[in-house]
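Have a look at the structure below before the remarks.
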Amino acid sequence: MTLTVNDLRVHYRTLRGEVRALDGVGFDLADGEILGLAGESGCGKTTLGKSLIRLDGRMRHAGGTVTLDGDELPLSDDRAMNAYRFHRISLVPQYSMSALNPTRRIGRMIRELLASRGVTVDTDELHRRLALVGLEPDVLDRYPIELSGGMKQRAVMVISTLLDPSVLIADEVTSALDVSNQQAVVGALTGLRDKGLVTSMIFVTHDLGLTSHIADSIMVMYAGKLAEKAPTKALTTGPRHPYTKMLIGSLPQVGARHKDRPLSGIEGSPPSLLDPPTRRPTTTPAGGPTGRVFDGCRFRDRCPLADSGCAEEPPVVEVAPRHTVACWKAA
Amino acid sequence: MRRYFARKLLIYALTFVVAVTVNWMIPRFMPGDPVSAMVARARVSQPEAAEAMRSYYNNLFGFDEPLWQQYLHFWGALVRGDFGISIFVFPTPVGDVLLDALPYTLGLMIPAVLLSWFVGNWIGALSARRKVLDNTVLPAGYLLTAMPYMWIAVILAWALGAKAGWFPISGGYSLDIQPGWSAAFVLDALHHWVLPFLSLFLVALGGWAIGMRNMIIYELESDYASYLSALGAPQRLIRRYAFRNAVLPQVTGLALQLGVLVAGALVTEIVFAYPGLGSLILAAIQNQDFFLLQGAFLFIVIGVLIANFLIDIVYVVVDPRTRTGMAGGTS
Amino acid sequence: MSTLPDPAPDAPPAEAPVDRPGRESLHYAVRNPKLIIGVSLVAILLAVGVIGPVLLGDGNPNEYVGPQAAAPDGTYWMGTTTFGQDVYAQFVHGLRATFLVGVVGGAIAAVIAMLVGFLAGYRGGVTDEILNMLTNVVLVIPALAVLLIINAYMGVRSVAVQGLFIGLTSWPWAARAIRAQTFSLRTREFVDLARLSGSGTWRIVFREIAPNMSSYLFMMFILLFGGSILIASSLDFIGLGPTEGVSLGLMLQSAQQWSALQLGMWWWFVPPGAGITAIVGALYVANVGLDEVFNPKLRES
């Protein structure tokens, strides 16, 4: 299977104008690949994850295409997308702990969900999958309130993968967990992929360190665009984009003392992606910069290597096999 | 579940004791001598009986006894069903007077409360789905729920009764028909019942419709609804879940509103001179018939406690979580 | 519809125009139609209630001044009662009494609800259990019934005392809501910090918790205010209203007592009820608007 994303743009409508949360991102997801999607809050990674399965009320598909095994996904058409949801693309949401109907027993909810989608699943198969994530079959007779947070999350993982989707989007599934629970969840996810129950996975996270343990490739996003994408080893040992370098550099190292290696961060904050409507055309010097964030490299205000050339947006360039970067200084 | 009911019963028992105590305390702590006031009033209408009344009241109030004995006497009388003698309709016992009026109040309240709740919830649920309906239901609902009960009663009486002449505007039945179970009487009683019922129904309806609409919207935006949508579940399944969950707070809301609904029924009866507890209370106040007033108070409190208990039973049936021993929502 | 400032041609990248949370709220507040309409209506009625009696001079509104049972005309804008009282004069004086009882009842209920709710929500444990019992008991007893008994025995009744007793009986639902909110705020870090620094219960409640709930408390007050007005009007209507002066509920009571309905004197019973409906309705609508202002999620719908 292959998932191809090409120049995808998804904008949010707000009272003050459009927020260009995802502003032209392209990548491939190969068969059996786990792609880690990393970046700061607001970089567009959650928007990307969401847009692949369901646009909510305020989101608007503003351009670009997504192709799954040769079929172009009808992202804007909610009804047409239903054929793909759950069957071929599925989601383990960020809010898994509250994703189950509180007044329904879990087993009953699963049955009703499957019935409404016109599919059945063998009870033994369901029990087998529960066992895979370490849950007893009697979980099905319980109400969500009777389960712990970790158990609810694993139950949701089982439900989401029940129909063996080609692509599973795991949206910040470890963010609210402690380290040992994180390990369990990550282990369960890789197990699902290894057993072929899930073909490929997009693992959205802001935790670069955790991602490097699970992902085959990592894509770092910044301000709605791709910054760098590479196989995990290549990205963590030899990053080419200044942002990636600074991200990795800011990760605390076990064993390093602060006085020997003080923690470094990245000064400043990501730019606002709000694109307010203008009431009259702004006068633009011919061919020159308007100073808007949408022209030029978006990282240039925080980048130590930035110069006047960065006022023009860098294209995504493949600098090594399967290693792409969007930076003038990386080539 | 046993603990749930035990708790509720404890609260109701406590409430009853408090209510009875308050009932007993107030005349003793008010300025003036209520017995003399009562007797003075009676002296005008029943001069012969005045002295007998004075000794009877003194006996019943027990003013010559220590306070705690008076209190116990009060409870004793209560348990025997002795609420005292009414001055307004001397020498009928208060209990009898109240029991005569009770069917009219219940006949008004029970249909009005139940119907307004069911219909209101149904309208509220519908308007949460359709914007057009919502735009009329919401303002209408707020208007209705802001109206004082007696005012809408007067308006309806004036418009549909006095002006249009479709309905009678006073009494529970026409004076020229013999009370009984004949078809003529029943029809006539119904004819008198319509306007008071309508006033109660309309005001309460507004409140339920608004409440339900807000609850449904809240449920439709919940995490479980988003999750099911992401998995491609049809809207009717989500709506079914949302409705079931939205009904729960409406059930507890009904218990909370009982006091307001009773007050509404009382004033509505006054407007229509409907022969229920409301008109009795008015007469009791105008005639300074304190026994009747206190008896009415106790009747109302008992009625509200019973209604609360019934609603608690309904809640256990409707919220499956209460049966597992995990609290559902109410304290 | 919203007016955005034009970006200057060479200005730095536009930042979201939020200086402080207060200013942002104000920005949305003045653009919210429900809030504007609701507040305006209440303000107009309040102005009528405050200024109206002053403009009419010192007269007692219950005086018999005009022809009996006259329909509205140039002199008597709302007509006269069976006894020749000026309905308009009664109306504007009545507005005053109605607002007064709303404020007194609402304020007292709000104070009690806050005391009970904060204490129960913050302390938890036995305190919570006891206060919960208290709340539940007062909650179940129908307020009007208690008020009936209390007011029936009082020889002289005033608006303020009426408000007092209404406040004493209508706080339970608000206390419950405040308790629930306090529960969720209590576990937040800034409260832990305050506790570590040795602050006492009430200090923490009033400096850390209450300010974070201020919008919620304000909305609660509005609902208590409206509820107070409705309860008071019912009490007045039954005949247990203030023994002096006039209120909108008392007007309805007189109208009822003197058969205004049967006599077709619509000008006697329509205005007072309409006044109450207008005030309470406007308050409810304004409340919804406030909710939208304070809850960003609701705004974008």
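A, B and C are the chain letters, set down in written order, and residue numbers restart from 1 in every chain.
We adopt the following convention: a residue touches a chain if its C-beta (ideal position, glycine included) is under 8 Å from a C-beta of that chain, and two chains touch if they have at least 3 such contacts.
Quick caveat: nothing in here was measured; it's all calculated off a predicted structure.
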| item | value |
| --- | --- |
| Chain whose average C-alpha position is farthest from subunit C's own | A |
| Closest chain to global C-alpha mean, per-chain Cα centroids | C |
| Pair joined by more contacting C-beta pairs (A-B or B-C) | B-C |
| Geometric centre distance via CA averages, subunit C-subunit A, whole Å | 48 |
| Whole-Å separation of chain centres (CA-atom averages), subunit A against subunit B | 56 |
| Distance between the centres, which are taken as Cα means, of subunit C and subunit B, whole angstrom | 23 |
| Residues of subunit B touching at least two other chains | none |
| Residues on subunit B engaged by subunit A in the complex (per definition of touch) | 222-224, 226-234, 236-237, 241, 244-245, 248, 319-321, 324, 326 |
| Touch list for subunit B against partner subunit C, complex | 11-12, 14-15, 18-19, 22-23, 26-27, 30-32, 34, 142-143, 145-152, 154-155, 157-158, 162, 169, 256, 258-259, 262-264, 266-267, 270-271, 281-282, 284-286, 290, 293-294, 296-297, 300-301, 304-305, 308, 331 |
| Footprint of subunit B on subunit A - complex, ascending | 53-54, 56, 81-87, 90-91, 93, 95, 98-105, 112-113, 116-117, 143, 145-146, 156, 159-160 |
| Sites on subunit C touched by subunit B in the complex | 132-133, 136-137, 139-146, 148-150, 152-155, 173, 176, 226, 230-231, 233-234, 237-240, 249, 252, 255-256, 261-262, 264, 266, 269-270, 272-274, 276-278, 280-281, 283-285, 288 |
